[in-house]
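What follows is a set of structures for review.
Consider the two complexes below, in which subunit A is the common component and subunit B and subunit C are the respective partners.
Up next is the complex of A and B:
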């Protein structure tokens, strides 16, 4: 391989790596706060990309009925809980937030000329009908079993993954989707040609990561999420409810996933089930970070991207094998260097 | 007589089939320090956990005149000014002292309060040591400082009733003295305190009223001044002070 090929491969690796890095951060966050290994993370990538493709082609966001249905389900579950606590005063807000708001959004979108809208507005609409699925899924699938073991949460997570993949096939069909680049063309830098979309991906991914870092360092809600990850009991005693923390980090995970999908839709064709593999590669990155360290997870994810890119050149038939084999030495290294932390038992 | 702030009637808590506390009725009046003393395993921590809504309990708990609810309501109780400083402190070890304190105000923040800097300055006045350690990670503090941080963090919630679980546990005598001095200071600032202690003498010296918990039930209760001179209490909990001698 000459240096120009190497540079092209590196560019490819870093682009994909940036996406894996975003997903790995979301996975670490969700695990640290809720102890859920979030297998469906990749589905948000596919949903984001395919919703964007649909809106771009002038169709209504296909997941809108799912958002409305789950919203009504959440409204019912929350209302029952509020009535049980004799807090009927909260009912109007619960019903408005969860059921009325999605229906209003649906009505508004119904009358928008989607195809001719500006690109950023299309992105906003795609996000508006994918991201709410995050907190909704947390409320319905995970909150009722929030105190369960990591294994049980993982099993629920796998179940949610299969449901979302199935629904993805129903909503988006078996054909893949692709969207136009944010900006066409590219620039020649020395020996390599860099597409503008590549710069967009790396730039926006970096900005999102910086934004998340600011959120965790500066805002009281970000600090509350970190506190929950550090000491669940301590956080609870300060009035940081596990439900709130869970919903918040599932929202962030859904946002990061859907945004990643929108970023890569112009450079790869995304199918309803593509998300799983992408999410899994983010997961390898997260594992390199021990499911605990954000910088290590991001670095690991970039490494995964590069490894994938170079192995697709040398042994393209084995590229997935090579990437996922990486997890074995990493796990060996971690089991040798870290003491095993048992599933925490409080009280 | 001052109005009642918190009252339990026949409170029972089970761990599986074992009854940890049985028919405990206590009352805390506004502006009082009430102490619950008793040996290890008497159910003191269980009582506090049940009051905080961390454990499911049977029987009535009335706080500020209205019943408290099951285990989901911890954040609601914190919002209503009922705050627990647990025996294990439960600090956020890898976060700074200032961030730990700030998170103490989380429940108030959610209810719209934004005066955290002012509240934190007040906490620093009570615990000057925390101001010096502001940027330090909570996990690197000494035992006494940790207890101060745990109390300071709780004060950031502007509690009406502060529940302290074994605040003197594992601390040097001088620090213990300091902690109890602060408990009295809090009372003068209008904070009611429910103080659970094994250090019965120190607790009874600062308290207005005391309960002795034994085997999950209230064995004796009375004004602290009376309890501290009660022969039964002296014998069991105040060690060799008073009229007792080593030559038994």
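Up next is the complex of A and C:
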């Protein structure tokens, strides 16, 4: 292998690694705040990419019906809860926010000339009809069992994953989708050719990571999430709603996932079930970070990307084996060096 | 207690009437991957069952169509359910190779004839009961190797589903045949359907400088390594297998797959076949029926195997019925024998000549070479 090949592989590894890094951050965030191992994280990648492909081809994003349906379901569940607490005054707001708003958005989008819209607007519409699924799923699937064990939350998570993959096939069909690059072409740096899209991916991933760091350091919501992650009961005693924290981190996870999908859709074909494997590789990154450290998770994810790229050159048939085997020494190391905490003690 | 006693004979009588009816009907069990990753294959196969007749020679046919969801475990369950609960006379199953293998075991054990919709390495007792509709990989591989030899290809590299059943059979078929054509085979690179990048594999292939590359994958994912090779400036001939040709392949591949040569069954471009080709007529019939029901441009090569399964079954059923009553083990055995002795049956994918040693029965009429020209598949002769 000469240096130009090594550079090509490094570039490929870092590009994929940047996506895995974003997903691993989302996974760490969701786990830290809600103790949910968020298996469906990858589905948001596929949903984001395929919704974008649909809009780009001039079709309505198929997920909008799901957003509306789940919105109505959330409105009903929240209304019942509000009535039980005898807080009927909250009803109009609940119904407007959850059910009316998505329907309004749907009506507006119906009359937009989707195909001829500017690219950033198309991205915004794709996000608008995928990201709400995050908090909706939290409200319907996880909030009712928020205090359950990690294992139970994991099982719910697996169930949600299967539902979303099945719906993905229904919405988008078995054929994959691909979108045009943000900017066509690329530049030649020394011996390597770098596509502009690659630069976009790495740049936006870095910007998103920096943005998330700022959000956690500076904003009151970010601090609330951090407080919940450090000590759920303590945070609640300080007046931080665990439900709000849960919804907020699921919103962020959905946003990061869907945006990752939109980022990679121009360089590869995404299928309705592609997300799972991408999500799993992000998960390997998150495991390297012990499901707790953001910088370690991001570094781990980049390592996964590089390892994948180089092993696809040297031993392509064993690529996945090599990547996922990485998890074993990491887990061994962690179980040897870290104090073990029982699930039940966490409450 | 009294009531129970009086009802009992009635129930038995009714169930006997029901059973009597069921015995005269012919039950055909279908298990295809209508969902899951092979939905591109199984979907059209399931659709095709809706076009098939519900009676033959005055006898009712009961079609039981199940989804095996691209999962060999589900395929095995479906096969045993169809055989043990529905007592099917004939099983048409397996959109992908592992699922055929799952069904073939159950079929051989219960002595039920199985028409497989994917190439498979069934042997021994399993082979005895399994008939395979798609062209054998060896037949297709020779089509590519013939073309490669005629165009002075000396080295052929491989990128495909590996490790995976489809990739493995192609690797074996190519390794077994390349020497005959004076071609060196390698390097062999693998990728998976859901991979987001094949850069490593493609870089490795290009640095080995082969005269030609064969991509062994299915549908749109087959376009990914093809595009990556073109984008990285590979100038040699790129071959594709019959897993590839589909509208999705052209859509995803775009300009990058232009010039690629695909070995395929005759169905996809049936209207470009010469009038003398036996598949032109039956292919046209099927294509028109299918597109009338499922929309123009919906025709897929994979659904054709289900149509061919019916071409085979509809000739064998009347023969078997003369020997035994549907629903019995004797009928299933007679049906198997009848299928095994079918000669010159024109299907949409070529002509079948079954024999005790050949349960696939295809010859060179079962393959055509297509080239991507101006975003469409064109039949080429050499």
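Quick notes
Keep in mind that, in the parts below, the second predicted complex is superposed on the first by the 343 of 347 C-alpha atoms of A that agree within 3 Å, B and C clash if a C-alpha of one lies under 4 Å from a C-alpha of the other, contacts with A are read in each partner's own complex, and residues count from 1 in each chain.
One rule holds for everything that comes next: a residue touches a chain if its C-beta (ideal position, glycine included) is under 8 Å from a C-beta of that chain, and two chains touch if they have at least 3 such contacts.
What you see is a predicted model; the values in this text were computed from it and never measured.
When the two structures are aligned on the shared chain, A:220 is found in touch with subunit B, with no touch to subunit C.
When the shared chain is aligned, subunit B comes close enough to touch A:230, but subunit C does not. More residues of subunit A are in touch with C than with the other of subunit B and subunit C.
When both complexes are overlaid on chain A, the residue A:97 reaches neither subunit B nor subunit C. In the overlay built on the shared chain, the residue A:178 is in contact with subunit C alone; subunit B does not reach it. In the superposed model, A:12 makes contact with subunit C only, not with subunit B.
In the superposed pair of complexes, A:241 makes contact with subunit B only, with no contact to subunit C. Counting contacts by the rule stated earlier, no residue of subunit A appears in both its interface with subunit B and its interface with subunit C.
For subunit A in complex with subunit C, the touching residues are 5, 8-9, 12, 15-16, 19, 166, 169, 174-176, 178, 264, 267-271, 273-274, 276-278, 308-314, 316-317, 319-320. Residues of subunit A that touch subunit B in their complex: 81, 85-86, 220, 223-224, 226-227, 230-231, 233-241, 244, 347.
On subunit B, the positions that touch subunit A within their shared complex are 49, 52, 54-55, 69-70, 72-75, 78-79, 83-84, 86, 88-95, 99, 102-107, 109-110, 153, 157. Taken in their complex, subunit C has these residues touching subunit A: 35-37, 39-40, 43, 162-163, 188-201, 203-204, 207, 219-221, 223-224, 248, 251-252.
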